[in-house]
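Remarks on the structure that follows.
Letters A, B and C mark the chains as written, and numbering starts fresh at 1 in each.
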Amino acid sequence: MTETNVSDAEVDRPRVPAPTITKPPRAARRLRRGSPVARWTLRLIAVGYVLGLVALPVGTVVQRTFAGGLHPVLESLQNPDLLAAARLGLIVSVISVLINTVFGVGAAVLLVRYRFPGRGLLNAVIDLPVSISPVVVGIALILVYGENGWFGPTLTKLNIQIIFATPAIVMATVIVALPLVVREVIPVLEEVGTEQDQAAQSLGANAVQRFLRITLPTIKWALAYGVVLSLARSLGEFGAVRVVSGSVPGVSETPTLFVNDNYQQFGPKAEQAAFTMAFALMLISVLFIVVIALLRPKEQNQ
Amino acid sequence: MSLQEPITAPPPPRRRPRSVASGRLTSASGLGLGVGVLWLSLIVLLPIAAIVVTSFQDGLSTFWTSVSTSEALATLRLTVGAALLVTLLNAIFGTLIAWVLVRDQFFGKRVIEVIIDIPFALPTIVAGLVLISLYGPQGPFGVNLVGTREGVFLALLFVTLPFVVRSVQPVLIEMEQDVEEAAASLGASGFTIFRRIILPTIAPAILAGAALSFARALGEFGSVILISANLIGKTEVSSAYLLKLIESDDPVGAAGVATLLLIVAVVVLVVLDSLQKLTARRD
Amino acid sequence: MSIVVSGISKNFGDFVALDDINLEVPRGGLTALLGPSGGGKSTLLRIIAGLEFPDRGEIRIEGKPATWLAPQKRSVGFVFQHYAAFKHLSVYRNVAFGLEIRKRPKAEIRSRVMELLELVHLENFADRLPSQLSGGQRQRMALARALAVQPEVLLLDEPFGALDAQVRKELRDWLRKLHDEVNVTTIFVTHDQEEALEVSDEIVVINNGRIEQTGSPTELYDHPANDFVMGFLGPVTRLDGRLIRPHDIEVLREATPGTTAATITRLLRVGFEVRAELRTETSEPWVQLTRGQAEDLELAPDGTVWLRTNHKATTLAAT
């Protein structure tokens, strides 16, 4: 494929008739090229929808967080439980992203470069977590690794605690973000093909050398994109973690659990704590989005 | 560069080296595959199997009872119905938004692009907080949707916004416009062009986005629980009901409802996938 | 003999790609594997390279058995049709790749790479990325890269297939000159018979997985073994139940013993050549003449002339 530089945001196209996407009666009238009425209608609908649905609510949270000024926010940032939750969130996210990156790159190489029985099945299984409710993920984990689960007795005997402890939180987070790295890397690997790899082989490189010198540099932007997506997803997971974690403040309370637990409590301090954490998470999400938007053209250029 | 001792006959197969081009597994990649499959089994296959198996653990009748309690049915009606409605709306508005983003140019478009990604990147509970801040009792517009189905619906619409948009956008970008221009020069109206040329091309993408949107809406939890207030029979969604079941120590019941949800998801996804294959064939 | 191929056969499922191929490539020679697409020539090349393995048969490179060796253990350099450039590395790093893998000292790498870049006239492009080069430049880089590790054999898979006609011609000449300078045993695959005729010392015609004929360009052109080789290597037409080259048909104004009468159905000027399409009782041959010859004969459409096979020409019985 030729290297076309396509960025989502900046596509300047010549005007074509801009059709409306509603039922026949309204759109039956002939639209001449670049009919400004049609264009503006669509524009307003689209922008209004997005702003009303998303920007407005988000703005309200910002307003509620700082309703009492800067001081309450800063005060709640010193809340030891908040800090503990932040720490836990960081650790769990980093671990799960690392696991998913290793798995993701390996699975992508296997799926693209090799033929083996069950390849299609592997592909489908990797996509499963996206279609399942996170609560179901949590319940599934309990059914296998809980006290009364399939591995329950064995784990108890070995004195390993998974459910209601950090390992379960990590597992739940890994599951929900599973496909993200794989799905970003696979198209790039498919696009690049095996010719460079064969060329490297003909020049004397062994498998490790080929992976480090050829494969990895080729997928680096797609990989970065996938890693950021996974990080965002891992940090933001709630439903699955709600099921498998005991949510003990300071110990097994992730940032998202912190928001939930504090919001459900009564009292201005708890509410402020919830909003502060929510605001922080929102800021980080927007940061992720910006990074992703910056990475997207690089990823598409490869 | 030393070569091996003279061999007159091909060596036994297991010593045959694999070349990159052949695509057959080497011992290293075979091992990698084994590890990967083991890992997937532990974190995906086994847990899902556990759900299905546990739901029938006490027999078919128990399964049937647990999924047909009035509460369970109410949650299913609400959840599936809302998910379908939201998906339909997303198919329409998502396509429209994608169209405007790709074919139109205006000040602030980049900001809109970023805003669209927010629901996807935001933790679900934060989304829930965001929604209840605006549509709850302390909201600035005096609108209170807490405990209403409209609130649930809005929450689902919020979190599923990006799916169809992001699915359709790349296809629209890739589309070559000369086909449309040829049609226009032959006298086709804007709507005809859309119906006969553009829609068939983006239909698979719309369906793919719809599938993602439906699956997400079906299982959504964090963004819904705050605004729904979990009113039994009215605004309790299936995921909240599942949480209640597992917390009240009814794993079999929880597994049963979860299995039913999985079945619904599989059915709808298969339907959408077949529709996708049907529309994609025209290429 | 640099490369000896014995009894090589290869199937892809039900499809027979190669069927009992036997071939010897002389050291320092420039051999073309010529044939139509899908005929098996690329497969054979890749088997020699170690990028594929045969179902039966043996390969020997410089006398040593190499059938089952991985590519990195054979001393072969491979050049791909679509260059297979390492897109993220500069031209310098691309060419240096094989040497870096072998952990040669930096100074040695530098001198060898610059030497090669000068050989392929890319010394001013050392720091560019492949995406900043034209197709022809990329292919020259690929050649330099393959030569860097001093292979005993150089294999090129339709090396000019992805290039414009003009660039293709230039690179063809250049490859021949390069080969004369460097003198590495070279095999290249092509479906372009003009390319094979112009560049190689020896041509191996492969069709449907079998070798049709092996020989020098002149041999193959003048003495084709069968109608496939004849038709593939040059223009063919039919006269009196035999296949003959259009420029081997003599055109006469008068009937003479041993000639066949023919009516001119069409006259075409193509540059300085004239192509005359004719009809006889049994066939519809066409003849290639120079403009001068056509004028001397005063050819005109619907005119009658008499045709005779040049007695020195090779003809084959038409099937």
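In this text, contacts are C-beta pairs under 8 Å (C-beta built on N, C-alpha and C of every residue); 3 or more make two chains touch, one makes a residue touch a chain.
Note that the structure is predicted; figures quoted are calculated from it, not measured.
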Pair of chains joined by the greatest number of C-beta pairs in contact
A-B
Chain of greatest Cα-centre distance to chain B
C
Based only on mean CA positions, could you tell me how far chain A sits from chain C in angstrom?
53
Taking each chain's mean CA coordinate, chain A and chain B are separated, in whole Å, by 13
So which stretches of chain A touch two or more other chains?
198, 201
Residues within chain B bordering two or more other chains:
19-21
Shared-contact residues (touching 2 or more other chains) in chain C
50-51, 70-71
Which bits of chain C are touching chain A when the two form their complex?
49-51, 70-72, 76-78, 80, 82, 84-88, 97-98, 101-102, 131, 142, 145-146, 148-149
For the complex, which residues does chain A have touching chain C?
3, 195-196, 198-206, 209, 213-214, 217-218
How about chain B: which of its residues touch chain A in the complex?
19-21, 23-26, 28-29, 32-33, 35-37, 39-40, 43-48, 50-51, 54, 92-93, 95-97, 99-106, 108-110, 112-119, 121-126, 129-131, 133-135, 138-140, 154, 157-158, 161, 169-170, 173, 177, 180-181, 184, 189-191, 193-194, 198, 212, 215, 218-222, 226, 238-240, 242-243, 246, 251, 254-255, 258, 261-262, 265, 269
Contact residues on chain A for chain B in the complex?
6, 8-14, 16-22, 24, 27-28, 30-33, 35, 38-39, 42-43, 45-47, 49-51, 53-58, 60-61, 63-64, 103, 106-107, 109-110, 113-116, 122, 125-126, 128-144, 148-150, 171, 174-175, 178, 194, 197-198, 201, 207, 210, 232, 235-239, 242-243, 255-256, 259-260, 263, 274-275, 278, 281-282, 285-286, 288-290, 292-293
